[in-house]
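Structures incoming, each one as structure tokens.
The following pair of complexes shares a single chain, subunit A, combined with subunit B in the former and subunit C in the latter.
This part shows the complex of A and B:
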């Protein structure tokens, strides 16, 4: 057994170096990212408006109604959909419930710690919630069992597995893909409970228009998308646009720096172009 | 006794298909996946790193800290995200199972964090978690005296079986199900045992022997997966 750690121990020295970078992006690196972007260049050779390779893989957990693994470069998230039957909210007695949570697992980065959820994971959960909800992607009115008394609840749970930046857009893709592959569980009307582990052949009623999030970041005078962890550290401000193709249905600007109107226009236009690209990935997956 | 049929047709001493893979979380110092059939556990190790808050630091030796967590959709009946009494206990049990082999005396004031997540559950999740964690520690280059391998033994009615599945865990006939997860070093020392159910002393001794044998197969697989990363 001793052989393992001695051999692996050598590799660990390089890893330690990597770890330091993971905790904090150094000033030198920050400066260089900015300098490169002035010439429209990025460390990994991408164009400012280019995403890393996106892969979507279904069937992470057999026990979920639907689940997927989404990778964007080295960033990885798992998204699962579970359903339950519960009481509707008083302001929507004839509609199903939607709940989105995101958990940044300490497993996925030395930056994430155990304990109550921090703002960054709450932000992702809330943004994805609004992107799905405001686009009316889930036809919640079809998830009513008995008005005012019983409706289906849809839970979308997002977990980070490796954080190399842009967990948010990965989560958005994952949420839509997991909803697409989900099947509704069997429900015993008499016993008034779900038959867990058994599914109907029915999918969750979804609209044709697929909502996606595209988050744009401003660094210096440049606008980039799909930042790596390091680039995200340098980002001065970001704008998340949730749209279903033509229509934008949710938006949120984050962080402290301001945007000019011209930059806003640029971001709005760019988000449409990127929507189409990501959509093609998703379309292939759905088919 | 020979007529006893397991729900999935396995032999009494047969595990479900086991899979092991090392290096699944690029950010981590060490990481691994281990699965028994439909039970899939992943583990990542971060450290040794400075323990904070400072009052938790041990100036004599390093601290091993294990955290066990089930993803909400790893089971059919959704689990509310976040820690529970069960998950905290399993985290502690895992620490105890691994501590005897982890040589972190040489790293005072530091902590080695092991994060275990269950992605898909079909019983024996703590055993899969311990197996993945032990591999992740080795992958992280944490000095270890030995490997730790874990397996569950079940007593279904009167019969002992290796690697309990969910269907077997819910066994109701006769004396019902007794679940005995155990962990061994490759050297044959027991580092963890739990038991829920009902069993006679003599049969428990048999169960321990059965587990000891089964963990050797687990060990071979762990070793193979670890070797693949350095070759």
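This part shows the complex of A and C:
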């Protein structure tokens, strides 16, 4: 119990310390954002359930098996897919491996610093991992070369280029798009080595259902999507829903405040609606 | 290309680049004379007027100058004043003596606490620190409104020639706007629509900051925006 109180004390101290940073959204602006939302208005004039402009640009990295640059408004992420051959995990000897890592580069925001990964970037990596893994988007069983000995490993690397809020959804769109454009590299069976820089015409085996993440934030009594940096600062609770259009495959609630059952239903309905909108953007790109 | 042709138009230079050479020219803002050459010290547009060569910076941090009005955040409280972060390399100091009212030294945090935003004027720039003052009209703690941040190098465009641009935005939107030279802009209006409209207008200016004849452009923009159906409720309230 004492440990709990000590932790609480540290948290408030850190919060106070953070408030003094210039890049942190100021109290007056926070108050205004809340007041705006009470009247159904957002900080940048959007509707509560409106996304910013999404652009997807493939082939940004020449060494990656597949790469895309995703922009949502001013938020920008790079996602790359790299493949390797390795040993399977003991609990899945006949399946390929999947690994998702996210790194928030210091150039993208004054909030991010060099050093070991922090909570926010680990969270994004793990969430995207779960969305892709639990929806069974990658048919991992087809990535087995020799059962129990050799399988393909898929690495998804997410890098933030600019942070203006909602890096999570940008990363989710990027991961799916990058997997779609990725090609399997040539594998030299004799030498047991991958010939990097040469690709086969095969794509990574993917299922038809496309998993996408939609993150919904709650500020006061309103639910918004695709928050800007300032709105994300004010956000009290967030819920990330990973769905494949028809069914939900993963879900995570973040931050400390609670949600009622009605709000939960409202969020799930909204995520379904938004899935279709984002999917339309992605569809053009996939074809 | 001869040097004369070169100097009539602005060209983009990067730090370390030789802009002009020869003893005919004087180094101005953002440049320095090294040997016989005038070298750029900042990334921006180089121009030469009456033999004076200067660089108009396009990016980079805010450099404090005496007389600038800035918006900053209270960073720390010392025994005789407040430390403020104004986005410059050094912290700025506001002494209790420079606060318009008498404040007892034990009540500093009651007046302005850590995390509060405030408008201040730069009184002096030392080698070590920046001294601020609040003993002028329009300066003080910010209680209400929205604060947005823009590139500090675009502030001159937002203000316009002798304040023409900012006055136009103030008139059209009916908002109180204070522009800090460090890129922070404080807007306060009596309705949400007005504030959001002012924000939109300022964002438009920063995006179009490279256009010449910007004030004309923004006048057209206001005409267009006002006839937009979404602005109907703004008109009613005006």
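Before moving on, here are some points about what is shown:
By definition in this document, the second predicted complex is superposed on the first by the 265 of 287 C-alpha atoms of A that agree within 3 Å, B and C clash if a C-alpha of one lies under 4 Å from a C-alpha of the other, contacts with A are read in each partner's own complex, and residues count from 1 in each chain.
Keep in mind that, in the parts below, a residue touches a chain if its C-beta (ideal position, glycine included) is under 8 Å from a C-beta of that chain, and two chains touch if they have at least 3 such contacts.
Model, not experiment: these values are computed from the prediction.
The partner of subunit A that touches more of its residues, comparing subunit B with subunit C, is B. In the superposition on chain A, contact is made by A:45 with subunit C only, not with subunit B.
By the document's definition of touching, neither partner reaches A:228: not subunit B, not subunit C. Of the two partner chains placed around the shared chain by superposition, neither subunit B nor subunit C is touched by A:121. In the superposition on chain A, contact of A:35 is made with subunit C only, not with subunit B. Of the two partner chains placed around the shared chain by superposition, subunit C is the only one that A:27 touches, whereas subunit B remains out of contact. Judged by the touch definition given at the top, the superposed model places A:97 against neither subunit B nor subunit C. Taken together, the two complexes place residues 19, 22 of subunit A in contact with subunit B and also with subunit C.
The residues of subunit B lying in touch with subunit A in their complex are 25-31, 38, 40, 42-44, 46, 49, 67, 69, 71-78, 81-83, 113, 115-117, 119-121, 138-147, 186, 223, 226-227, 229-230. Within the complex formed with subunit B, the subunit A residues making contact are 1, 4-5, 7-12, 15, 19, 22, 60-65, 67, 74, 78, 80-82, 84, 101, 103, 105-110, 114, 155, 157, 159, 161-164, 196-197. For subunit C in complex with subunit A, the touching residues are 72-76, 85-87, 114-117, 142-148, 192-193, 195-196, 199-200. On subunit A, the positions that touch subunit C within their shared complex are 16, 19-22, 24, 26-29, 31-33, 35-36, 39, 41, 43-45.
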